[in-house]
Amino acid sequence: MSGSSMWEAVSGIIRRDLLLAMRRRSDAAMSVFFLVIVVSLFPLGVGPEPAVLRTIGPGVLWVAALLACLLSLGRVFTADYLDGVLEQMVLIPQPLALLVGGKVVAHWVISGFPIVLLSPLLGLQFGLSGESLGVLVMSLLLGTPTLSMIGAIGAALVLGVRGSGLLVALLVLPLYVPVLIFGAGAVTSSMAGIGGEANLSLLGACLVLSLFLAPWATAAALRIALE
Amino acid sequence: MSGSSMWEAVSGIIRRDLLLAMRRRSDAAMSVFFLVIVVSLFPLGVGPEPAVLRTIGPGVLWVAALLACLLSLGRVFTADYLDGVLEQMVLIPQPLALLVGGKVVAHWVISGFPIVLLSPLLGLQFGLSGESLGVLVMSLLLGTPTLSMIGAIGAALVLGVRGSGLLVALLVLPLYVPVLIFGAGAVTSSMAGIGGEANLSLLGACLVLSLFLAPWATAAALRIALE
Amino acid sequence: MSTGINWLKYSSPQAFYPLAGHLIPWFACVAVALMGVGLYMGFFVAPTDFQQGEAYRIIFVHVPAAWMSMFLYVVMAVWAGIGMGLNARLSFMMAQAIAPTGAMFTFLALLTGAMWGKPTWGAWWVWDARLTSELILLFQYAGVMLLRTSIDDVRRADRASAVFALVGVVNVPIIYFSVQWWNTLHQGASVSMATGSKMASTMLTAMLLMTVAFWLYSIAVILARVRCVMIERESSPVWNDEKPAVIQETVEAR
Amino acid sequence: MQWGSASEFFAMGGYGLYVWTSFVATALCMVWEVLALWRRRAAACAEQRAALLGGTDETTA
Amino acid sequence: MLQAVALRCSRGERRLFTDLSVKVERGSLLAVVGENGSGKTSLLRIFSSLLPPEQGSVLWGGQDIHQLKELYSGQLTYIGHLNGMKDDLTPLENLMSAMSLAGEPCSNNGAKEALEGIGLKRPIHHLPSKVLSQGQKRRVALARLWLSTRPLWLLDEPFTSLDQAATDVVTQRLLMHLQRGGLAVVVTHQEVALPTEVVQRLRLMG
Amino acid sequence: MLQAVALRCSRGERRLFTDLSVKVERGSLLAVVGENGSGKTSLLRIFSSLLPPEQGSVLWGGQDIHQLKELYSGQLTYIGHLNGMKDDLTPLENLMSAMSLAGEPCSNNGAKEALEGIGLKRPIHHLPSKVLSQGQKRRVALARLWLSTRPLWLLDEPFTSLDQAATDVVTQRLLMHLQRGGLAVVVTHQEVALPTEVVQRLRLMG
């Protein structure tokens, strides 16, 4: 019984966040657009030579995905904090870490998953070939949930702090570094013909680790923010 | 008399925003940190070959500066909007466009100027040489105020709109493109020995244009947001 | 003054609605006819290109679409400007109606360009100035439309997206001239007033026919959309000349 | 007339895939736009009709 | 049932109260009054377990609430001075999602009736909440009381920006809650128009 | 002096009021009352020129305020339901920067006296505003009235979350303003304890 009402609360959170995203039909498209724009800025800055672009392609794509994730972090808790919904959430008779998990899942569905879906197209624009494209998608599929998990900790820590947009970047980016290295590394090595499996399994390990640790850390951070 | 009280109001705004930034002593350092992090992420994603890094250096630096500026846009008006200070600002008996100008100046001093100061150091890391470094600083000095100006329009347009973090990116980045092209172009052509003057003067033109147009557009957007 | 039509009369939605209704079929018919002729000339009259073979025939959709994408943006911005200046609802509605069609043509220019790029350049996409700037134009359309849907209050949405459209128009000339500032893979203008045309005249004719057809198509579609927008936005339907179907049916239902 | 046969016409000198994708995509976009407009108009009319009827209901009730 | 034992609370340098003990029985209401800044909101947040007290403890049915944790959260409905609703959702959606999160899911009709109970008419149920007036927003937050089956209500200035009609209707609702054996702690600057035998007043001295 | 002529205001689908005309003379106060959502705040925003009316116009000394523009802004002090202060600045800094932006710069001592006038003691002057209680924040916003030399005051529910002492002191301040020939428009759900001859009531019917 307690299990079912737990599930009830978590799915309630996910549903509400998705509903909110649907309310602005544009919201889900947003991080995708951002990704596309950032990715297109690079050739503008760097110049149009295909060889150079092919070399930096995986790195640029991964950095852009990471930044898109970072930019959307503001959405995870800030609004809830300001309008008092977070207060109510902490008072829900369910373990807070679980509810946090629900919020992160919703965040990923809205801003991480569309990025994964779009990435092959962008990879094509940078001249990646078939197999590398597969590795790119796979690496993002494993990596973006990790980014959301880690990001949530940062977002919770900076609640109610001024200039938090940049502060959260500062807190979170160092933690993102391993994910970036493994993710871009997987694609690069598959382009070099070495195959990306090693890096991909490291990414998987990151994901599992963050699944176990992040919700608790986030829950603790939220309680502190509300005291 | 009216002129002096005009100046009084504008400088009042600038002073208050700087005071606020000082109150969080970390705030001013923030965009610089962001710049440093993004710039250091690239070698991690792209790989450490000096030749490649040198080619992409100006582009990466400029894109990073642009993103830092973008990320800090949230600070320009949102807080003022939520706590009602903006309402009061619109009711100040001075032309709104001027007051907006004041806010943008403050924003630039806090988040644009530190970037300009730091850029030579980062340029050095990418292996830029003496003259190119000068052009880099010059291009950022001309370019970042333009970025702040344009950004203010976007920030004003999305006030009170959900998902505004990414929406503002979507609105503003296309408008940033010319600045990026001219800015990165100036550095690249000075590296190629052509000299960056042509691009720098185009940047200057952009600055002048935005100085004349942006405050009015922003003021209009603010009035619309408050209706 | 006494002769001719009083054009000001049509600046109110009530008067414009029936006028648009009368015009749509004409534009649509002429557009379809010209498209037919243009396609015939394009596929059966115009000769094979000696360099690119048959692939060049993509030009008959690519170039008209690319031109329309830029042209429509400017037109949208002009309507937005009129709306801001005169505070005229109709102008805002026109701007709102133009954006989706403009975005569609931008998308088509990108798509057909990619289709052309693969056989001629060997790549679907290169980051050349013309291509990138067309992509940027797509983002600007997206920005205008997303800004509008993100704001609930219609009045505010109108004015906010108008401000953005106006600011963005600064970018159009930059997009257009970027080819010259950046030596580039994509070809520059081969149709220009000064030098005349370098193309075979039948090709050119077909292309121009298609352009005019696309243009008329856009007008028809935009007028139809503006009528939809009017129905959606006016809470009390007070059309004078022609009673829209809605009201007639309603009256019958009672 | 440069086409010997229908198949030659569809092959487009080996570029058939590219050429026809472009033209078909354009046609589809236009048709789709017109259909979408049609539906939008129907929806808008239905909505307004409902509003009109509903509105009179309320005032008479 | 709800008991505060020797509570102490300081914020920053300031000691707000020490050695505060109070007991709220079933069917009675504790009205917390006092000057601005005297610590009323802080006390309410201690009661709600959002803020841990510096010293002392809060007991619910004789047990410390910090041991009860989620069990205690399942007993209370807290409405702070923030309304806790999303600007982009409609009042109906806001109310329903708040209830289902709190573990008391309600039907569409139930929510509508609650909103009507507090005087929000049908057309308003479907507007985005951000266009509502100050008082209407507050009403949406308070509509939760119409659906709550929890015994303990903690309300921080519930009557802010309400008009007279809404104030009356909320007072009636409070009375009904008490009559059914509920408890309430209400922070307010206005008089609560309830029979004196059910109201216990606690005055905080800044 | 302040005159509304045949104002009409609609929000979304709803017509809030039409053909509203009212005149506020020097030395008198217009108390706007009405149910939640009846359009009081909207009316006040029209008076402040933040919201353009759908029809009709507002005249100040006989001239349309949309022609006067900044000249009109220079005549009024508007305090909305948002406090318009920065959480990170102290009450003192908030007050001083608000005054200097409004074009009525004040000295450090002046600001301190204003804050004390509304009952905020010295130690509080130097806390960051975000730690203040609800009522204390409202007081900081209202402290502007102690420094304002503008003839027209527009106040939206000024007494929200104030305790009795603060309410009284603000009312006294209002009376003084009227006696000096000022005008005020006040939206409120409470009675304003002022002599009836200076108060004109306007009831909006939702």
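For reference, chains read A, B, C, D, E and F in written order, and residue numbers begin at 1 within each chain.
Keep this in mind: a contact is a pair of C-beta atoms (placed from the backbone, for glycine too) under 8 Å apart; a residue touches a chain by one contact, two chains touch by 3 or more.
Quantities reported herein were computed from a predicted structural model and do not represent experimental measurements.
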Between A-C and A-E, the pair joined by more C-beta contacts: A-E
Centroid comparison with chain A (C-alpha atoms), farthest chain: F
Interface residue overlap between copies chain A and chain B, same or different (over half shared): same
Mean-CA-position distance for chain B and chain A (Å): 26
Inter-chain centre distance, chain C versus chain E - centres from mean C-alpha coordinates, in Å: 56
Geometric centre distance via CA averages, chain C-chain B, whole Å: 33
Centre-of-Cα separation between chain D and chain C, whole angstrom: 16
Chain D residues counted as touching two or more neighbouring chains: none
Multi-chain contact residues (two or more partners), chain F: 12-13, 87-88
Where chain B touches two or more other chains at once, by residue number: 20, 23-24, 79, 82, 162-163, 167, 170, 173-174, 177, 181, 227
Chain A partner contacts - residues on chain B that touch it in the complex: 20-21, 23-24, 26-27, 30-31, 33-34, 37-38, 41-42, 44-47, 52, 55-56, 58-60, 62-63, 66-67, 71-72, 74-75, 79, 82, 162-163, 165-167, 169-170, 173-174, 176-177, 180-181, 184, 188
Complex contacts: residues of chain D adjacent to chain C: 1-3, 9, 12-15, 18-19, 21-23, 25-26, 29-30, 33-34, 37, 40-41, 44-45, 47-49, 51-53, 56
List of chain C residues in touch with chain D within their complex: 43-44, 47-48, 53-55, 57-58, 61-62, 65, 100-101, 104, 107-108, 111-112, 115-116, 118-119, 217, 221, 224-225, 227-228, 231-232, 235, 237, 244-247, 249-250, 253-254
Chain B residues within the chain F interface of the complex: 5, 8-9, 12-13, 15-16, 19-20, 23-24, 79, 82-85, 87-95, 226-227
Residues on chain A engaged by chain C in the complex (per definition of touch): 24-26, 29-30, 33, 36-37, 40, 43-44, 48, 50, 53, 124-125, 127
